[in-house]
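The structure appears right after this line, and notes come after that.
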């Protein structure tokens, strides 16, 4: 693998045939995991014919082929509030995991019900890196970054309506967060967050 | 007074002489309090010559003339995070107070240090209406509205830089808050928030 | 009920099955009303199999299950101009009503035909809280807030085209309204307006 | 004069010397009125040395030289709400007047106090063209256009703060007005509105 | 007819049944023309059952019922550049015509081929009011307004891509035009332009 | 010279001392012309002490040191409408000229007075490359590109107010121009346009 | 051919019948190539019935009819990074080629893998004009313009999501590029880039 | 120190007296370094009276008080292109250094002159974390992230004009970068980048 433990194919903007073909070739090399993001089930069906052990993750909309022993080092925690943010959260979790990180999830902990979040303070504080996925106003990033002393990566999502502006509002909110120790990736970019989280997490292994 | 207990003059865009003259006339009627918002000290100096008991509030940048007995009913709580938001918070507090509400303040309670806020849960929950003043990403509105069961008025402020967009970012964030029970007024509009808070607060007196 | 008299489920972004399941469980507890907002008829059909007394509101696109005696206290007035804003107005009216408020409607009163609105001055002035739903330029909020001395909640709608910017224009217009006593919720957020209106209305009962 | 009865010089972006020189030359021809918009007092002082009967209008920030008999035909009504919009309203009134129109003013009639406006219904309805100058949310254009059956030109102003966006909000609001019979010129463009109002007004003379 | 010679129904956001019903009732009164804008063919089919002399205009997407003698006074000229702007241009032409104006069209005259436009200078100059419909960068409004001495109404259209921003770019361009004598209506609002053009045109009849 | 015939220093964001020092060093090498853009007169005064033959161009706000024989090849035509756009036009003209191009100017030819422009058709058509500098709505680029068959570079300027949005409006308008054969550089970037014009012009020499 | 060697028809916004008819007529004249951009396969099928030697380019979504001997002068290089930008790149390449330029392609050379680009330095430097097509952040334009001394035309594409803003982000980035020698056309406007590239390229033939 | 090795005071929006007082108190505790960001020289002068060993950093506009032994662990590399971005780069470098990181700088390496950057490949690849500071179009982040396999933090700066939009353009560009392994902080937020870089860097020490 060029960088990390998975070769990645971004399937949006490719035909299902193109996507499946590229992934089949990468899987054939057998050297590293293969991850196809933004993949429809159709991509998966095509790929499975060539690569029977390919898997499809419905929520993350990703195709995965695992190769070799899977590493699971350190600790990445993916935090998300609403059900509707899960597809992005799972994309992040799957990516970091395939890249070799041990990944945990903490879902359904929004700022509306703060006490649910505070009850999980221990889990928050034992992670080495955190990914916070949040649509709406994105306040969750500030709250989590205020509770931990570790790097926190914010992923704004396009979930919401009206003034949410397809994710621009949480994106801008996360960037102006008054809590240091966090940074931001593109709207809905669970892959980018998972990739970076793994990269940071593994620095702690060196 | 036409509506509430104070006649209000918005001094921005008027010459100091115009502002002072209008306020002097209102004060002369002696029927209600007079409030001059966005007033420079110069307005105040001019007014004091005519109305010796006029007062100036440096932080709220407001001129005040009190007339008759001051009411102090119910309970409005003004919540703010940073020092730099205080001029807006004080404009809200002063307005609600002049209109006849009992006003309390809870300052320096940002989302970065959540525990400071949580320690004040009792004060938050005994207020009848709350005003939350916040710049940066405006996450404080969601957090506070999640902790209380009373109407919360959000005032985004123009304090911040870059992606804060002179207050547009917290304004948009407050409008998309995932916590019901809150609404929003214009950026830096402490007056509007204080006016509305008093209006709601006094419904509880009827 | 955690807060108020209805448990609320936001059906957008959930599968019909998920939505129906959650509501069926809440209805089974039998303690409070259940409200499913942004619900398709499909959600309702699924729910009705489990909860025969569930109702569907076509205009508000909401599913409702009523439990126990329905309160109808105080007075919330929902004002709207055009036919096309009714789905948002009805979401607000239904929400406030299920939460325990007495709700009245004043529809088809736009700023283009001011005299129709002025003929209803009495009804406007006897309400304890008002919700003004308006697309286009949103001028109705300023006009109504100028006529009454009660809190007015503005709901901009996404109805219009071109410079209306999917509701951003009335949202910005409502926020800069020169009439005090009003505040704003997100574009098309009838639920948020109805929830807040009930909260304020019931302060007047205490 | 190429078009109408006044030669116009736009002084912004020219040095005072340049502006005064151009206007002096135009005045020397003696054929038509000369109007210098966005002119500082300094421009006027320089011009007066050459053209002793030049006048300066403080509010409209305009320099004027009248030549020949002044026409005053038909009827243009300039409507404005706040004191702070007067500089734009006066630019419009002065322009239309110099171009040969009879101009009337109706100031201090905002949507917040509708009854003041309604009391002037007769004056509104006897005008041949109306110019409505409004900052804040610009609702006044819709209200006035709904009351009369004549062309109404809206001029949004940059007066306001926060969500008013230096005039973009009333500009967008005026463009999406639900009342037909109106159109819009650029923010603060009193000159353009007065010019067009005179053009339309004089069609009624033909 | 309340205002002008046609009753207008805006069909977008109404069901075909609602639209047809309202128009049938208006046509039954028989007093004035009836115009249904943004109407699908389905609306027309429904209406024709009740009102056999109803007509449908494919390009303008409008339903029309003519009643009584049709006036055709003065002269409105509708100017447009591209084929793709015709649906808006025809909405304007049809509206002004139904309201009683004599309407002419000048199509396929863009700024790219200026000489085609200049060859029509006579027709441009004999019109009493002009409507300029333009997508792309909207430069046509400035060019036309520079050639005539009559009021010109600009209608930006949403035709274009990328930086055209669904019509915002020509809208902003038209508003900042350096040529006086023009004003602007909402993107794609052919109806508003035609309505206003007729209003101005008929001033010239008085 | 690294690329072309002049070394360029962008003086904005440097102290006058820094700017003068860098230019003095480049001039000392004596190999190529030196151009300091966005330079205050102070920069020039400092430089002149070291480099007595340095020149200052007030309109273009540029410092120039000429070295060796000056080339003047081919033909670049800089076109501009208003007086206020001249500082950008002159920056373009000076840059192209120092880089070795023969430069001509055609100023005061706006779309408002098209005939002035058309009278210069010969000069427009004999240029090898054109630079069109325009603020307001930027329509001049489309008009000029429609008249010639050579590459036209558009430079939007920040001159204007309100909807002109500090140059964004002409920038967007130029990008959506319906006339092929043109491209656009950044707002006010006379340097970039002049640099590119010279580059293209000199292709014609090869 | 009016300008260049191909007559161009922009098929978007025309019916397939209209597009095919216009192109058939142009082809019948037999004087120059005919190019239909943004054409569906349906347009091609209709045209082929009349013009059997018409061709369809799937990637560029263009219909082509070649007439006479094809010129192939000078050298235009089209550079693109991702697979998803190819439809725009091919539109540019096809346009320049039909207009008479010799066109080369350099694809799959993004900034992520700089060394692939650097290995092609010779090909970059032998081109007379370059077209750089890039979505995402558009950095490729700056990198390429920094490596060559020839005019570079940037075409931002709408490929990406979230903060990419349908191409606005690379468009703005390309306009603010710190490397001189480049200019920008509209988002996805491969045609405009190809047209201009040919125009510049052929200057080098004179 | 609550978090890291320096107590931080954000001086913007505080009076010099307030800033100096807070820093003096923190310095008196003697436990950790004290950093005052966005501090004027006046703040420093006031502080020096109380804390003689306070230092002022002109470029980073920061006041520093060092306490105890200074750690210098791992390796943070701050990369910047132009002179004008240095104040942000130095804020980042100073912050990371005070927090305990070994910091190196790589300045004057823009995308315009790629070879200067490539010559430093070794230094780029030996850093554990990188901070890339870039105004203009922000392309440098993509280029650097493509060359290294370590986390890269992008800091857009507000340096530029026109389409640079005070830093929004590089901010959006960095967020849509097609190279994984990077994330973004607010415009001009050197402090946030330095803080986070240290946090990540020190993970590598554990």
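In this document, chain identifiers A, B, C, D, E, F, G and H correspond to the written order of the chains, with residue numbering beginning at 1 in each.
What we mean here is this: a residue touches a chain if its C-beta (ideal position, glycine included) is under 8 Å from a C-beta of that chain, and two chains touch if they have at least 3 such contacts.
Everything quoted here is computed from the prediction, not taken from an experiment.
Within the contact network of the assembly, the step distance from subunit B to subunit H comes to 1. With centres defined by CA atoms alone, the chain at the far end from subunit B is G.
Here the repeat of E-G among G-H, B-H or A-B is B-H, since over half of its contact pairs match by residue number.
Distance between chain centres (mean CA atoms), subunit C to subunit F: 57 Å. Here the spacing of subunit B and subunit D, counted between their Cα centres, is 36 Å. The distance from the centre of subunit D to the centre of subunit G, with each centre set as the mean of the Cα atoms, comes to 48 Å. For subunit D, the set of residues that touch two or more other chains comprises 82, 162-164, 168, 171, 175-176, 186-187. Chain pairs that touch one another are A-B, A-C, A-G, A-H, B-C, B-D, B-H, C-D, C-E, D-E, D-F, E-F, E-G, F-G, F-H, G-H.
Taken in their complex, subunit C has these residues touching subunit A: 12-14, 18, 156, 158, 166-168, 171, 186-189. Considering their complex, residues 3, 8, 128-129, 149-151, 153, 171, 175-176, 180-187, 191-193, 195-196, 199-200, 203-204, 206 of subunit E touch subunit D.
By the touch rule above, subunit F contacts subunit E in their complex via residues 81-82, 110-114, 118, 136-139, 142-143, 145-147, 160, 162-165, 168-170, 172-179. The residues of subunit D lying in touch with subunit B in their complex are 82-84, 159, 161-164.
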